[in-house]
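Scroll down for the structure; my scribbles are underneath it.
As written, the chains take the letters A, B, C, D, E and F, and residue 1 is the first residue of each chain.
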Amino acid sequence: MSLAEQKRIGKIAMLYVLDETRQDSVEELGWIHCSGKVGSMESNKIVAAIETAAKKNEVINGSIYRETHALYHAIMEALHGVTRGQVQLGTVLRTVGLRFTVVRGQPYEQPEEGEWIAVALYGTIGAPVKGLEHEAIGLGINHI
Amino acid sequence: MSLAEQKRIGKIAMLYVLDETRQDSVEELGWIHCSGKVGSMESNKIVAAIETAAKKNEVINGSIYRETHALYHAIMEALHGVTRGQVQLGTVLRTVGLRFTVVRGQPYEQPEEGEWIAVALYGTIGAPVKGLEHEAIGLGINHI
Amino acid sequence: MSLAEQKRIGKIAMLYVLDETRQDSVEELGWIHCSGKVGSMESNKIVAAIETAAKKNEVINGSIYRETHALYHAIMEALHGVTRGQVQLGTVLRTVGLRFTVVRGQPYEQPEEGEWIAVALYGTIGAPVKGLEHEAIGLGINHI
Amino acid sequence: MSLAEQKRIGKIAMLYVLDETRQDSVEELGWIHCSGKVGSMESNKIVAAIETAAKKNEVINGSIYRETHALYHAIMEALHGVTRGQVQLGTVLRTVGLRFTVVRGQPYEQPEEGEWIAVALYGTIGAPVKGLEHEAIGLGINHI
Amino acid sequence: MSLAEQKRIGKIAMLYVLDETRQDSVEELGWIHCSGKVGSMESNKIVAAIETAAKKNEVINGSIYRETHALYHAIMEALHGVTRGQVQLGTVLRTVGLRFTVVRGQPYEQPEEGEWIAVALYGTIGAPVKGLEHEAIGLGINHI
Amino acid sequence: MSLAEQKRIGKIAMLYVLDETRQDSVEELGWIHCSGKVGSMESNKIVAAIETAAKKNEVINGSIYRETHALYHAIMEALHGVTRGQVQLGTVLRTVGLRFTVVRGQPYEQPEEGEWIAVALYGTIGAPVKGLEHEAIGLGINHI
């Protein structure tokens, strides 16, 4: 039950969202992944965009609830990092423009630890006026 | 009032905390910075370790309250990403082992946007038993 | 100021929401009560459904604000149990299907402790797709 | 991906914590379970008591982190119902006396939904003076 | 069920905490009240100081739980204004120095609205170093 | 780095929002300020009303993001005092009617502490029915 040094799924997902070319390092591990972009004042649209991408790219199996449940909580945890206090956007007059990556793999040395999922978010958050914004980052990790 | 592409302070601080060798890129910009490690079940010790490092390395001027205030809120925001819900560690029976970086610079193209401070955290969070943990990340940004 | 063993209002309200036939045990105590069902992605509709039922069934007197105030806080506390972190539904892309009970009575042995109100919630929470859901429970108690 | 009517793990865990004799209904399903009592002003002791009981009674395998992780989040979610706002006890001058049950089983009709874990809490919360308290309830559910 | 213009209990409690000489205006209304000072890094000590003062000055009857319950929630709501996010002090390395007032009266025109209680807090919050602080204010109101 | 006794910006902003005639005391200090009223079930409209007033009255320079950022966080902190738990209004079926003041000045004795901004809120919060409401207060302070 220790994290394998070369398989740190959170770090890998974060480097990938910060730099698209890092996709290679995910594939070398043979891990499933997807990435995308979403901008919205509606937090539910952020959740929906990530869930849809993860299902379409078969990072999770959308017909099994336990996989959706694992992904949902990883997304919510990542959103805590982005929103830092209240998981709200438009209702507190702010908007985000985010890139996201979802990575599914085996980060632990012991095979019985099984698969885990990481959701990484990077982008900007701010007033609904271009430029009135700063960066924001979030990472959520869950067993799947 | 737009973020300069090569001066994305949040991304820079995050890459630096994920990879110590990235320190160079901060120095090329002429920005002040510091980094360190802290592990604890007491959240106040995390805050203290980062504040102490930032003052000792003159990233902030500890005798001016507005600088301490700016840093404090950036730390708290970064801790939201790490703790994802309640900014609590030992009181909910969990512990963290974190690396941190603090970067101070001018991320916007307009000089009147002045200086900003970014606090990036990366490490593990989990039960107070070695190995029972997963990764966690946080980023806080504030004007200074 | 101790809870009477046979008048545990929270337990009574919870058993009643889990099993409609338990209504009898509330009536034996001579306590006022109501129950109902509500499903929605909009958290305000959950609040409104419970308030409306409580007023229509005269569990509270809708023309006295202190009674509405007592009920409102009991509902909000019960919603904390259902939502577990952020009192949000549709804004974080989830929906609930709930049964609710509201019970008003004297749970303490001392008559000067007066009347209290309990709101119990039981149902499912999950993605806005049938079956992608698990159970959720909440209980709120307030003096009235 | 639908909940089997007779296998509603949350309802079963809640009825069990409200009434010890309900243990039979858990055993008829062939599900693993444990129960216990804990009273404290320190929230970490609540978490520790439940984790220890679940490991000792082999409801989870304490040497596999993913099982500890699943249980931990179920406990935290149940504590949200009990604390309703801030997962804090002594730090906001209140204490709890709780009974807890942990149930592990297959609540969904589809076998691929696998095992889930439910943590139910019932007891009193109040000032650190006997009798100055009312009831509190919490339920947390997670895939395992 | 409307607030009487001259009996705005929240405004009265706030003016009183901001200016000790305002005590007169509370007494003219014939309302019960108390005030005091408390400084601490431990949030439970803030709660205890206010509860103790309110009982000793007979603003509430400490032997009736419903009065303690009403006061407790008013204190917690006032602390939300002071702490603005997490009701934590020392655990996030900050301390407060506060004056408090507790006022009990009938703010509504209709006699059936009965008595309400207001807790007002005013002081400073900041790092545990003299001067590294700014002001903070909180108000909690509850029916009693 | 100590607060000047006659320049307590939070107290000044709060007295001003409680009593319009206090505007004079702000002007004697030579500080910039504005005030206004806003009532809404939509929390984003509260934020927008305050931001708009502060820009129109040149309390902040709307074309510099760091000033908008400082004001935004002060508003959010003030809203914590008003909402006491979840920064939500209509989504939890409640509405507010608020007066607000924004004050910008130098509250510290040391000139290097520079300018700070205070946002004070006072009004009523309650059900969307006239009279079903009690008072609420919030104060947010930030360096600018």
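Basically, a contact is a pair of C-beta atoms (placed from the backbone, for glycine too) under 8 Å apart; a residue touches a chain by one contact, two chains touch by 3 or more.
Please read all numbers here as calculations on a predicted model, not as lab measurements.
Student: How short can a path of touching chains from chain B to chain F be, counted in steps?
Tutor: The least step count works out to 1.
Student: Applying the touch definition from the top, give me the chains sitting in contact with each of chain A and chain C.
Tutor: Under the touch definition, chain A and chain C have D, F as mutual neighbours.
Student: Between A-D, A-C or B-D, which shows the same interface as B-F, counting it as a repeat when over half of the contact pairs match?
Tutor: A-D
Student: Over half shared or under half: which fits the residue numbers at the contact of copies chain C and chain D, same or different?
Tutor: same
Student: If you average the CA atoms of chain C and of chain F, how far apart do the two points sit, in angstrom?
Tutor: Comparing mean C-alpha positions, chain F is 35 Å from chain C.
Student: Where the CA atoms of chain C average out and where those of chain E average out, how many Å apart are those spots?
Tutor: Centre-to-centre distance between chain C and chain E: 28 Å.
Student: Indicate the residues of chain B shared as contacts by at least two other chains.
Tutor: Touching at least two other chains: 1, 65, 69, 76, 85-86, 88, 91, 116, 131-134.
Student: What chain pairs are in touch here?
Tutor: A-B, A-C, A-D, A-F, B-D, B-E, B-F, C-D, C-E, C-F, D-E, E-F
Student: What residues on chain E touch chain F, complex-wise?
Tutor: 1-3, 8-11, 14-15, 18, 76-77, 80-85, 107, 116, 118, 120, 122, 124, 130-141
Student: Report the residues of chain F in contact with chain B in the complex, numbered from low to high.
Tutor: Within the complex, chain F touches chain B at residues 1, 63-66, 69-70, 73, 108, 110, 112-114, 116, 142-143.
Student: Using the touch definition up top, name the residues of chain D that touch chain B in the complex.
Tutor: 42-44, 47-48, 51, 65, 68-69, 72, 76, 79, 86-88, 91
Student: Within their complex, state which residues of chain C touch chain A.
Tutor: Per the stated touch rule, the residues are 85-86, 88, 90-94, 126-127, 131-134.
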